[in-house]
Every structure is written in C-alpha cells, then in structure tokens.
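So, here come the structures, one by one.
Okay, so subunit A shows up in both of these, paired with subunit B first and subunit C after.
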Partner chain A sequence: MNILKRGQAGTMQSSDLMVIVEPADKLIIEIESTVKKQFEHLIRARLEQVLDKFGVASGRISISDRGALDYAIEARLETALQRAGGA
Partner chain B sequence: MVLNSLGRQIPETFSGKKLIPYSDPWSLQPHAERSTRAIRRLTHNGSKLVGGLKDAIIAVGLKDGMTISTHHSLRNGDQLLNDLVKEIDALGIRDIKIASSSIHIVHAELIPYIRKGVITGFECGVNGLIGELVSKGELDCPIVVRSHGGRARALITGEIPVDVAFLAAPYCDEYGNFNGFYGPSACGSLGYAQVDAQHAHKVVAVTDNLVPFPAVPVGIPQSVVDFVAQVSRLGDPKKIVSSTTRITTDPIGLQIAKYAAMVIESSGYVKDGFSFQTGTGGISLAVAENVRNMMRQGKIKGSFGCGGITGNFVDMLEEGLFEALFDVQCFDLRAVESIGRNQKHQEMTAGMYANPFNCGSVVNRLDCAILSATEIDVNFNVNVNTESMGYLLHNTGGHCDVAAGAKVSIVVAPSIRGRLPIVRDEVTTITTPGETVGVIVTERGVAVNDNLPELKAELIRRRAPVKDIRQLRDEIYAVTGVPRPIEFVDKIVGLVEYRDGSIIDVIRQVCP
Partner chain C sequence: MAEYQLRRTLLYVPGNMPSMLQNIPLFQCDAVIIDLEDAVPLSEKDAARILVRRFLESYKERNKEILVRINGLDTKWALDDLKAVLPSIPDGIRLPKADSPEIVERLDTLLTEYEEELGLGIGHFKILPSIETAQGVINATRTARASTRLIGLAFGAEDYTATMEINRTKTGEELFNARMNVLWAAKAAGIQAIDSIFSDVNDMEALRVETELIKRLGFTGKCMVNPRQTDVIHDVFAPKQDEIDYALQVMDAIKRAREMGTGVISLKGKMIDVPIVIRAARVLRTAHAHGMVDVVINEEDIHGAE
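Entry: the complex of A and B
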C-alpha cells in the first residue's frame, strides 16, 4: 500500500505508543522510546515486519514509544497505516 | 580493577580513597574506633542565636574543601539545603562536599552550583536530575551512594568526616534543644539528623520556629548544638508525602499484594510478637492492609512496625496490632502528628535502625519486610538505583539494610514495567545482594531463594504459584523480548557502597 496522507494512532500513555505516518519519497523510520537503549532493535524489527506485510516501500514512520509491547506496536502501526491509505 | 564476589569490576581507588570490594553481607569487621570530634566548652548561658544562614556559615568557620550535611526528613519539601548552598556560594566558598542523608528532586536547584565548583562531590546517594546528569557525563561530581545504615556507619566510624551539620529544627529553642514534632515545618522523626548531631564537628540547628526555652520533648539536645540560626522557612511538610503513598487499585498490584500476603502467612511469623516493615508504594500499602486483616482475624498482638512510618502503621498501632513503632522518618503528615502524641511511636536514629557496625540494629529484629525493585536478576540481586537508560535516579534508602536484617525479605514488583522485564539475566546495578533477598513476588509467580527451603515447601503446599526464578525470567522475556544490555563507557562516576562500606557496584557513565 501507499501512504497517501498523514495517519496517526495511539496515545502517550505508559505502555502505549503514538505512531504518525506521513508520505515521503523513501522509507524513513524514526524511533523515540523510553526503552530505546534496551529495545530499539526489537521495536525496529517489529515495525519493519508490519511495513513489509502491508508492502509499504516509502513514507515517514515516526513513533514515540512509552514501553509498548510488540502486539501494541503492531496494532498501532496497522491502524495508522489504514488511516493514511486514503481508504 | 578487581572483581568483587558478585563479578562486578571495582577500581582500587575512587576520588583518592582506597576501596574494599564487596565479598559477602556478613564477614567484614569494623577496624575503627568511634570517630572523635573536639570537645567544646561553652561557658555562656545566653542565646546561641547567630542570625541567619550566612551568619551561621561564618560563625562555624566553613572553609573551602569542607564537608557539610543536612537531613532529608522534609524529603521533597526541603528548602534548607538549596538556601544553604546559595549562601555558601555568595560567601565565595568552594569545593564543598555534601554528605546529607539524601538528596531529592527539589535539590536539582543545586546543579548551577555544581557547575560553578561550589559543590564538588556527594558523599550520599541522590534522587533525580543530579544523578541523571552525572550519569550522562554532563556534570562532573562524584557520587557515593550509601544506604541509611551505611551512612550512619560512615559517620560513626569517621569515614565521612562531616565538618558542619546544618540541621533543620522545626521546634527549637535559643540554646539549641529541638525536635521535629511541631511547628510549621514539622517533619516528625529526626532519625537521620541524630547521627549528624552526635558526629559532625560542628552542629547548627536551623529553625523557622523559635520557641521559649526549653523546647521539649528534646529530640536533639543543647549539649551537642553549637549555634542556632533562623530562617523564614525550612520547607514545606506537605511535600513529605510522595505521590505513591496510596493503596493500589491496579489489578496487577492487587494480585502481587495477595501473593505477598500468602508469603507472609506461610512464613509462620504472623503470631504474637510479629514484626514488620513496609514501604510507601501502592503495592506495599496493599500488602500492609492484608497483613492488618490477618492480624485482626488471628487476634495477633505484634511486636513492632518499623521504617519510614505512614498513617497506615499509625492506625495499626492505635488499633493495638503492634506494641510499638520504630520510626526513622515520617512518610506522611499523619505519622508526623502521631509521633508527637503517641509514646509508643518511638523515634529511632539511623544508627539504631540499620547500622551494621553496632551491637545490633532494629532491622535485625524484623520478621518480614516488603521491599521494592527496579530490576532483579536470576541470582536474586536487586537494583533500585539505576533505571532503564542506565541513569542513577534513586537512592538506596534502607533497602540493603532491611534485606540483610529481616528473616524474610520480600521483594514485590510487577513482572513488566513498560516493556522492561523486571526479572532478567543481569541487573544494571547491584544495590542489594541476592543472598539477603528471600522471596520475589510478581503477578506471574513467586520465586523463593534456596536459603528458605521450608518457606518454599509451605508455599507449594498452599498452592501459591511458586516458580524457579529462571522460569519466571523466561516467561517474562517471552512477552517483552530479550533486552540489550545498556552500554557504558569506562568512566566511573559513582560508587554503590554496601552497608558495611565495601563496594558492591559502580555507576558508569552511559554511552551517548
């Protein structure tokens, strides 16, 4: 899918994350997280997995994570992508 | 560098002092006489009032390179230390070491004075921004983290020679008798200040509430006080309470509290003469509530409640569930109000509470104690000092003292905070050695140290969710993923001293 417009999902609550996806020429992933030092590798892996699944090749994906578990990351990113897909 | 018995690299010296690597909780013996200070003879019988803080600093002869202390009984409501350092700076004095009983978030105001060279070291642990900046290498100021008992020990042995103690004195007369029970800045117990009053080379009572002689009951006596200084305000006692001092309503917290109560019940100590300590966290208070119901139902008359004392403990005393409370510091205003009224609400010094180097501290008489944890490793070692970014954010408090003293020390914590697994292969910093930790209680299960086999058997018999600590770790990792260790540079910015003065761990600067 293509990111056609800005899409947002999530909250800034503890154990949640805020995802913002926007159109861009290439794929840019920006991770800000309270647990970045210990978990950036796993957060990035999960984001990439979801982007892969949806066939997203370009767009700016920014997340502000407050220690969310993988299933929350997945759900928030999916929702943000759906909202950005122009559907 | 040498490895201590827990596998931590300890330098041979730090800030010019030779270090003893930690080996075990029990065997290190004191090698010192009690510290001495000059005997003073004051012949006048008039007032010891010198004026304000500036006058007191001049009167005691504070000089570059000296060590000062304050107490933290007003906790995050303390104003004295900030005001004091401003005056010290204004007088052009530099290179001062702070050896207060603790540093709170409010003391972030000291940061400009650290940058300026007014303060050049902390002989005490810190809470909040100062530790964070030191951890990042943005502030150059060595920190030695000590437990409450360890600090008392270090003052008594003279390892920290405090040149001047400036002690907030909420109810004070002009000849220097004071207590913490009454007045606009009443903070209750002066348990920490008691040690400074006996061991600092000079003692200044600082008050915002001068009362006619004599200020009774006498907490700290005129015979150890050199000067009395007056300020408009010592601080705000409403800020003694931290926001967490309410019983949790969170289902995970309540589940943990239920299991912790099972552990206490299974320990066999809940009978006449039971003694107990708990903290102020929401889970701890929920455990205390369960213990209270257990004691009521069993018509049990406990021996004592201990620690930082809260209103919940006061209720238990007044209900007759405990014979006495031993109070090193009041954690809320109901406790402050009680200590001035209840004879059996006993103020105790930090030395009596937790110093390992004496003829027996109160923690040794504890049956069960509830403790918290930021991280726990598979050998039961606990970290309460550093957080997920590797920053030094919390002081030890009485954690390692109580763990060593209590027959059953119970660490309660959710298995996951944010994404952070609380039980893990290795902790970032060892505050408390696993050998002294009895039981880990999480909502996912209970892990019992091998040194308590009877308790473990009893918990299994009662169908508590007993798990091997490695199994617990694996279950948690299955949810969170395996964390990457935090990266540090070689530079050591702080030490974590065990209660006996040996070095259990170091604080390193984090990688940018």
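Entry: the complex of A and C
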C-alpha cells in the first residue's frame, strides 16, 4: 500500500506509543523511546515487519514510544497506516 | 454436566489502553470484558479494535474467560468490531442493549458465520446479553431463551436507571423489580444471572452490602470497573465453612435415605428432600470451584439412580 496522507494513532500514555506516518519518497523510520538504548533495534524490527506485511515501501514513519510491547507497536502502526488511506 | 464455571467477577477493561490490557493476565477476576463500547471515544473505535485483536493474539496462555463488549448491533461499528476481534478467538461477546430476543438471534447468526469461516465448532463463541433498558427488562424472559450460546443475563443498572429517568442509589430499592425480572428470566432458562457494576471504587463497605444483597436474591456474579473490587466480591460469594459442612451432611443423609428405599429423611430434626439436596449440591459445586472441597457432585447424587 501507499501512504496517501498523514495518519496518526496511539497516545502518550505509559505502555503506549504515538505513531505518525506521512508520504515521503523513500522509507524513513524515526524512533523516540523511553527505552531507546536497550530496545531501538527490536522496535525497528517490529515496525519493519508490519510495513513489510502491508507492502509499504516508502513514507516517513515517526514513533514516540512509552514502553509499548510488541502487540501495541503493531496495532498502532497498523491503525496509523489505515488512517493514512491505504491499508 | 459441564464443569460449573465460576463467574463471580467480570472486570471491564477499556479496549484502547495498552497499560490495562496487558495487565489482564495478572488480574484475579474470573472473567474480563474488554470494552469497545462506552470506554472508547468515537474517534478511537478503529484503533481500539485493532489493539484488542493484536493483544488477544499475543495472549496465548489464557487464564480467565475473555469477553469483548462490542458496540450495539444498531450502530455502524458493531460489524467491524466482530470482524476485527473474532479471529483472535475471545470466549464470547458481551452484547449491549439486548432489548429483544431478535437482537440476540441476529448476533447468534453472525457468530455462526464467523465460526464457519474460522473453522471453529458452532457454538464456540458465547453471548452475554446486557439487560439495561426498560424494554430489555420487559423482554428478558424471551431474550434468555433466544440462543443456546447464552451463558447468562447481565443486568446493567447504570443504563437502566438512565432509561427509567431515575437516579441509582447505593441501597438500590429502585432496582428491585428489574433485578428480579432478570433473575427469573435467567433461572427459568437455566443460565447465570450477573449483576451490574458498583461504581464507587472507594466505598468497599457499600460494595459488600450490595454484593450480599444480590447474592441473596440469586445472582452468581457481578461486573466490576476496578480490579480492587475483586476480593470483596469473591469473599461474599465464597461458601462459608458451616454451609459446606451442612451440605456434606445433607448429601450423606439423602444417600442413606435412598439406601433405605425412601426419598425423604430427617437430619437434626429437619426434613431433607430433593429441593434441599439441590441447594446442597449447588453449595458443594461452588465450593469445589473455589477449591474448598474435593467431592464432585453428579446428577445421580442429587436425584438418585433409577
């Protein structure tokens, strides 16, 4: 799918994350996290997995993470993509 | 008979809050009701159902019953709710505003379609309808028999008092007739009766009084808005030791009676016959579900062999 417009999902509450997806020429992933040091690579891997599943090849994916578990990362990104008009 | 399932405490968990959802495995309640309805703002309906689905997929070793409260079947969200959450295999659906048997029948049909699609046995998904309007109370008797999927009827006092245009009080006199109607409907259909939430989380004494009242009336469980209410409710529903002792004596007495070829016997000056035995059996089954006795009561213990 293609990201057609800006899509946002999630909250800044603990155990949650905020995801913003926007159209872009290439794939850019930006991660802010309270646990960035320890978990950035795992968060990135999970995001890439979901993007892969939905066939997203380009777009700016920015997340602000508050210690979310995998299922929440997956769900919030999925919701943001859906809201961005493709999924 | 199927094992007697305890549903003393059913905790509402907001569907759009990861911090609450991921605590579900830790709660001590018998069941949770993951809420896609009132606890989720209109702008987050899409996000909540995706979050709930992904959570349930990740919650593989389930240690309690999982119900999902969808939005009412008369809303535009209900079908999307079912489509999103049923593939993650909850145990059942809490159906709000179950004002008539037709609404339950409609959900039943939808659930059958999903079971076929998902390759599940027909009847896997249970239904717990909410009786929460004046119309719902009037139709409760028919609603209770609308589907074999029903595990009980749940009374919703907050919405009920709203539709009655009255205030809910802590003593609950205004709820008596509605509660009794829901109880009669449930008992006549052989399903459980679950009482409403008690919303003042800080008043444990009033929670205890209300739970004792609804237990005396015949309810076997209560919904909750906060996990802190679990202990009080479990404590009220736990059989007391003297009740268990007496029930064991009753079962023993009726066994002796039948060996002597009669269906009635005296125990400490009181007549013991079938209704007393049924009540004793119920105490022992509840005690067994609480892990308080080892004895398993079967139908022959209650009614004797032919």
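Here, the second predicted complex is superposed on the first by the 85 of 87 C-alpha atoms of A that agree within 3 Å, B and C clash if a C-alpha of one lies under 4 Å from a C-alpha of the other, contacts with A are read in each partner's own complex, and residues count from 1 in each chain.
To be clear about the criterion, a residue touches a chain if its C-beta (ideal position, glycine included) is under 8 Å from a C-beta of that chain, and two chains touch if they have at least 3 such contacts.
None of these values were measured; they are calculated from a predicted model.
Undergrad: When the two structures are overlaid on chain A, which partner does A:A68 contact: first (subunit B), second (subunit C), both, or neither?
TA: both
Undergrad: Thinking of the overlay built on chain A, is A:L27 touched by subunit B (first), by subunit C (second), by both, or by neither?
TA: In the superposition, A:L27 touches no partner, neither subunit B nor subunit C.
Undergrad: Specify the partner with more touching residues on subunit A, choosing between subunit B and subunit C.
TA: C
Undergrad: Between subunit B (first) and subunit C (second), which does A:R83 come into contact with in this model arrangement: first, second, both, or neither?
TA: In the superposition, A:R83 touches subunit C alone.
Undergrad: Quick one: is A:S14 in contact with subunit B, with subunit C, with both, or with neither? Answer first, second, both or neither.
TA: The answer is both, since A:S14 touches subunit B and subunit C.
Undergrad: Which positions of subunit A sit in both the subunit B and the subunit C interface?
TA: Touching subunit B and subunit C on subunit A: residues 14-15, 68-70.
Undergrad: Which residues, counting only subunit A, touch subunit B once they are in their complex?
TA: 14-15, 34-35, 37-42, 66-70
Undergrad: Using the touch definition from the top, list the residues of subunit A that touch subunit C in their complex.
TA: 9-11, 13-16, 68-72, 74-76, 78-79, 82-83
Undergrad: Using the touch definition from the top, list the residues of subunit B that touch subunit A in their complex.
TA: Its residues touching subunit A are 388-390, 416-420, 479-481, 483-487, 510.
Undergrad: Flag every residue of subunit C that touches subunit A in the complex, lowest number first.
TA: Residue list for subunit C touching subunit A: 16-19, 22, 46-47, 50-51, 53-55, 57-58.
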